[in-house]
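Note that chain A is present in both complexes that follow, paired respectively with chain B and with chain C.
Showing the complex of A and B:
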């Protein structure tokens, strides 16, 4: 019960947050953070049980007939992710409560943030694929709201839309993938699917399911070539970026791949796809980040790179790689959350986040400088931070990669060199470099703004310092959860002198050398990037979007041309041709015409109807045509009466009367009758009319002769009084047996009436 | 066009037609009639009046407007489905209450009647809405 209830309460807090903030004033941030923090403690308290091998499951029925339930599944991997989401989320809320003080709509912002947290927490504890999909889409929607928070800025709106469209597109693919994945199992339950991974691998649905799920994960986790939405998303306020980049949203794709690794992983296609996309993303992200000058953009591109690394490691799938993936996930969440929050602080205190305009901040904000530098040390992979362990493991995994290890290793090496260079540059240039003229004197950020960064860095430090005692218990079950045949490696700070240590040293040295020569090197790299990378993908994306809009406008114009007569013609022709085909294939058409039972007076009525029809068609006056139509209608009424359909007859009289009045009021406004249509058009209209008329005749006659089942009218005749206490069968059908249909019908006519009303009223103005 | 004959007829026909439409509505469950026909009659009563006196005067003589009448009809029809939900049946199941059971005045009332009243209002409202907009000059 706990997991589901926890989520429900979190969702409720998210919903009421916009309305309660004004009572909480400036205390809102940490007040809302209490519940996520309680959740953090709860999941931490599960640690001993989880490490014993326990898996917590719970289920709430939703659509049991389809196997769709709100199920939750908490194992070591879910727990690790929950700790990240809720732990970092707690600090983000405290930070955001303070950070957003000068901005409008703070309550709504905190509400969105809580919604975002709920969605991500929902993903990581989902035990049913459809549950996961629901939360997955919720992250897309809540991130759209958050990225577009400064909605008066066009670029914020564009970025939000871009993120929504790309992740939404991936979400659709993912839904398809989930459905395909569930078909061989006959169940959406994760526990069931994880228990027997071979079923899907032996099924020929494996490939389509894998491709669709991969598209979902790659779009969410900003893999190349879908990476460009992520740097765009940094237009959001800093608390959002910090949360989105460290623990939520982009990690959802990685989470999904890792979660399904036991089921889908281990095949050739899985390894090759993930490796290729991962390596490309890892390197491209790092490469582009080199020449960026916007602090948040640099961090955004390094996130792209880190996500690529994670996908690569999951794709490699060896024992070292899986270990590295989990450790690096933790490393990255801890330092990236810190860095984005600090980037927000620096922007707040100096008014800029362009690193060319920053420098010498150490003497103004020493504490913040130390915290941020420690995070950068972790990013560079220098001991004793946890980042060092992460990087060592990545190197170990690369060296031992089963295929193309030289390729992975060399690109991995270059990526890490770039990270070292960026760490040096961000730390030294911002805090110790030449001091520019600041508009106002920067000061140490307030406590709530550095609380989160401090604790995250502290966690990274402690975990790095005591890897065996602290980091191992936290991660070991996560590792076995996503890769059952592998064990957690005993983590050590000191591995002895070996190839990996040499690589580490070489990385640091190269990074330092690039940093030394940055003034000569950067401009030339920038030239390459401007030519090939910058904004290129965003432009292609928006061009595609515009093209799509042009296409839809064109098709809409063709189909919705606005000529009523052609709409009718299309409808009639399509309907009658389809029914013709159906009749043709069902039975041989046998028309049995027998007029012998017909009384003579009805023959006269029928003759009158036929005469009126001709008169309506050939008349040159609208009024005459209308009156002829009226004659047809009343003639049919008489036939109804003759065959004792009294209800129909009364209705028909009413409708015919009103129709004539209605038509008269319209005719009054029409121009004089003229001859517009050509002979060809008339011939065509005659053909259509004949086709439709003949179709109706055949349909009615055929329906009379072919007996399919026992007609339902017998049932209504019997049940009408006994079940519905009514002797008028027509009325009983309308208001009781088929009441829902009638409700639909009166809704439709009401809407139509409103449409006519507004059309007439508005066109008069 | 002002016709004294039509005006006098319309003035006297309107209440008669409205009463008749209510009768038709009520008897609909057992004999020919029902909400749809009743609604058309109710609407026709007002249209006759509008033909005689013009739309503006007709609207002044009524205490409701056609849009609200349509909306009321939809609302009543929708509400008639709710008792079934509260009694644990499927939405829109007919629920019946019998008064004065086994006496001469036995009266069965049920949600289908309420539903029919909804249809009556909705049909009348939409008819008046369309006709008034077209007839208005």
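Showing the complex of A and C:
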């Protein structure tokens, strides 16, 4: 009950937040944060039970016929993620409540944030693939609303649209993947799928399901070449960047891959795909970040790099790699959330986030400087911060990688060197470097703005200092949840002198050396980037989008050309060709030509109708055409009489007479009878007409030769007199058995009459 | 006779399709009428041809055997009447159409929109 109820209340708060903000005034942020914090405490209180091996499940029926339920599944991995989402979310709400004060529509902003929090928390506790998909799409939508929050800025709208289209495209692929994944199981329930991972691996649906799910995960987690939406999303306000685009939403793809690792993981294609995409993203992200100057862009590209690292580690799949993935996930969320919030603070206090225009801030905001520097120390992987443990494990995993370890190791090394360099650069250049002329004197940010960063850094510090006592219990069940065959490694700060420690030292040294020579190195790296690396992904994306729109316009124009006769022709040709294929395959019709049942008078009538038909079609005079129509109508009447359709004949005589008179009246008003078609068009149409006409001929022969039972008619014959007291069965059917149909028919005629009347009335004016 | 009537239905459908594909809106109406005739006849023939045994009861024992099938006839009767309504409406529409657009050519309509 609790997980579902918690989400429901969170959603409710999100819905009422825009309306209640004005009553809460500036207290809104922390008021709304109470509930997420309560959730944080609740999930933390589950820790002992979960470390005993408990898995909490609950289920609410939604569409039971399709196996779709609101199921929740909370194990160690879900719990760790819940703690991140709700813990960081609590601080973000406090931060955002204060940060957004000068902006309009604060209530709506907080509502979007809470909506996103609901969606993200929903993903991580989902126990049903479809439920997860629904929450997954909800994060895309709320992210769109949050990125486009400054909606009067065109670039914010463009970034929001870009993020939505890419993650939405991925979401669609994901749905397909989920459906394929569920087919061999016959169930969408996660607990069921996780219990028997071999079913999908032995199914030939494995490959398509994996590809689609990977597309979903890679787009969400900004893997190369889909990475560019994430730096674009930095147009969002800082609380959004800190929450969605560093700590939570972009980790959803990683979450999904890790969650399904027991089911889909371990195969060749899984390892290769994840390793290649992960390693590329890790390095490209880090490399591009070197020459960025916008503080948030730097952080965004390092986030891309971190996401690549996580995908790489999950793909590697060894014991060290899985341990490293979970620890690094925690490490990254803690320091990146801090850094983004601090970036927002710096921008707020100085009016810029271009690092070339920042410097010497330590004396204005010493507390903030220390907090942010600690986070950077964690990012650089220096003891005793948790970041050090993360980096050590990544190196351990790289050294022990089952394939291409030198490649992974060298790119991983370079990535970490870049991170060390960036940490040094951000800390020293911003807080101690040469002080530029600030427009207004910077000051220490207010308490709500540094509260979150402070606690996150504190967590990083404490967890790093007491890894065995604190970090291990928090993560061990998460590790075994996503990789049941592996154990959690006992974490410790000191590993003794070994290769990994040497690598760490070498990383720090190289990072420092690059930092020393940054003034000479950076311009040349920038040159390289501009010449070889600078692909304007955003521009390519929007070009592709424009191209797609042009393409759809073209296809729409071709298919929706506006000529009724070509629509009809398409229908006729397609339908008759399909039926012709069926006729071709069917048994040949046994045709018995029996001339004895062809009375000469009827043969003459048929011949007359056919002649009149040709006359009606080819005539150049409308009067001739209408007289021919009359001949056809009365000819058919004779056929009805000949074959016992007395009522039909009577009706036909009246209808035909009326129609000819009516048509004559209209013809009187119309212009000269013209022929608009060319000879070619007429030939083509004759061909189509022959195709359709011949098919109906065959249809009649088929229908006439295959005799079916007539149980319904027998009933009418029996009951006509005994029940309805009528001897004319056709009439009895019309006015008694099917009287309501006849009422409908009368209604149709009345409506037609009304329409005709009003049209003639209108034209009189 | 079935064979001849099959040819007749085919010819009527062919004429209907040919006329429906014309640009002249009046011919389109003719096509609509043809379509109605063709379909009525198709149903009639498919319901089985019975000579000289209308579906009337006179109260005799066992007379229902061999009687023509009343159900297709009831269906066709409804169709004929509805067809009249549709055709009359369409004819009036053509008349109005010409009054407003001063053309009976469909292509001119799509260009003038």
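One rule holds in what follows: the second predicted complex is superposed on the first by the 555 of 765 C-alpha atoms of A that agree within 3 Å, B and C clash if a C-alpha of one lies under 4 Å from a C-alpha of the other, contacts with A are read in each partner's own complex, and residues count from 1 in each chain.
Everything that follows uses one rule, which is that a contact is a pair of C-beta atoms (placed from the backbone, for glycine too) under 8 Å apart; a residue touches a chain by one contact, two chains touch by 3 or more.
Remember, it's a predicted structure, so these values are computed and weren't measured experimentally.
K.L.:
A:743 in the overlay: touching chain B, chain C, both, or neither? Say first, second, both or neither.
P.N.:
first
K.L.:
Return first, second, both or neither, reflecting whether A:734 touches chain B, chain C, both chains, or no partner chain.
P.N.:
In the superposed model, A:734 contacts both chain B and chain C.
K.L.:
Applying the document's definition of touch, where does A:725 land relative to chain B and chain C: first, second, both, or neither?
P.N.:
So A:725 only meets chain B here.
K.L.:
Under the stated touch criterion, name the partner, chain B or chain C, that contacts more residues in chain A.
P.N.:
Partner with more touched residues of chain A: C.
K.L.:
By the touch definition at the top of the document, which applies to A:655: first (chain B), second (chain C), both, or neither?
P.N.:
In the superposed model, A:655 contacts both chain B and chain C.
K.L.:
Return first, second, both or neither, reflecting whether A:367 touches chain B, chain C, both chains, or no partner chain.
P.N.:
neither
K.L.:
Which holds for A:603: it touches chain B only (first), chain C only (second), both, or neither?
P.N.:
The answer is second: A:603 touches chain C but not chain B.
K.L.:
Regarding the shared-chain residue A:646, is it in contact with chain B (first), chain C (second), both, or neither?
P.N.:
Both partners, chain B and chain C.
K.L.:
Determine, under the contact definition given at the top, whether A:760 touches first (chain B), second (chain C), both, or neither.
P.N.:
In the superposition, A:760 contacts both chain B and chain C.
K.L.:
Quick check on the superposed pair: does A:551 touch chain B, chain C, both, or neither? Answer first, second, both or neither.
P.N.:
It touches nothing on chain B or chain C.
K.L.:
Which chain A residues lie in the overlap of the chain B contact set and the chain C contact set?
P.N.:
Touching chain B in the first complex and chain C in the second, residues 646-647, 651, 655, 658, 662, 666, 727-728, 730, 734, 742, 749, 752-753, 756, 760 of chain A appear in both lists.
K.L.:
Please name which positions on chain B make contact with chain A in the complex.
P.N.:
Going by the criterion above, the answer is residues 24, 28-37, 40-41, 43-44, 47, 51, 66-67, 70-71, 73-74, 77-78, 80-81, 91-92, 94, 96, 108, 110, 112-113, 115-116, 118-119, 122-123, 125-127, 129-131, 133-136.
K.L.:
In their complex, what parts of chain A are in touch with chain C?
P.N.:
Checking each residue of chain A against chain C gives 562-565, 568-569, 572, 591, 593, 597-599, 602-603, 606, 609-610, 613-614, 616-617, 622, 625, 629, 632-633, 636, 639-640, 642-648, 651-652, 655, 658-659, 662-663, 666-667, 669-671, 673-677, 685-686, 688-690, 692-694, 696-701, 703-705, 707, 710, 712-714, 716-718, 720-721, 727-730, 733-734, 738, 741-742, 745, 748-749, 751-753, 755-756, 759-760, 762-763.
K.L.:
Quick one: in the complex, what on chain A touches chain B?
P.N.:
Going by the criterion above, the answer is residues 646-647, 650-651, 654-655, 657-658, 661-662, 665-666, 724-728, 730-732, 734-736, 739-740, 742-743, 746-747, 749-750, 752-754, 756-757, 760-761.
K.L.:
Spell out the part of chain C that touches chain A in their complex, as residue ranges.
P.N.:
Spelled out, the residues of chain C in touch with chain A are 1-15, 17-24, 26, 29-30, 33-34, 37-38, 40-42, 44-46, 48-59, 64, 67-71, 73-74, 76-78, 80-89, 91-96, 98-99, 104-107, 110.
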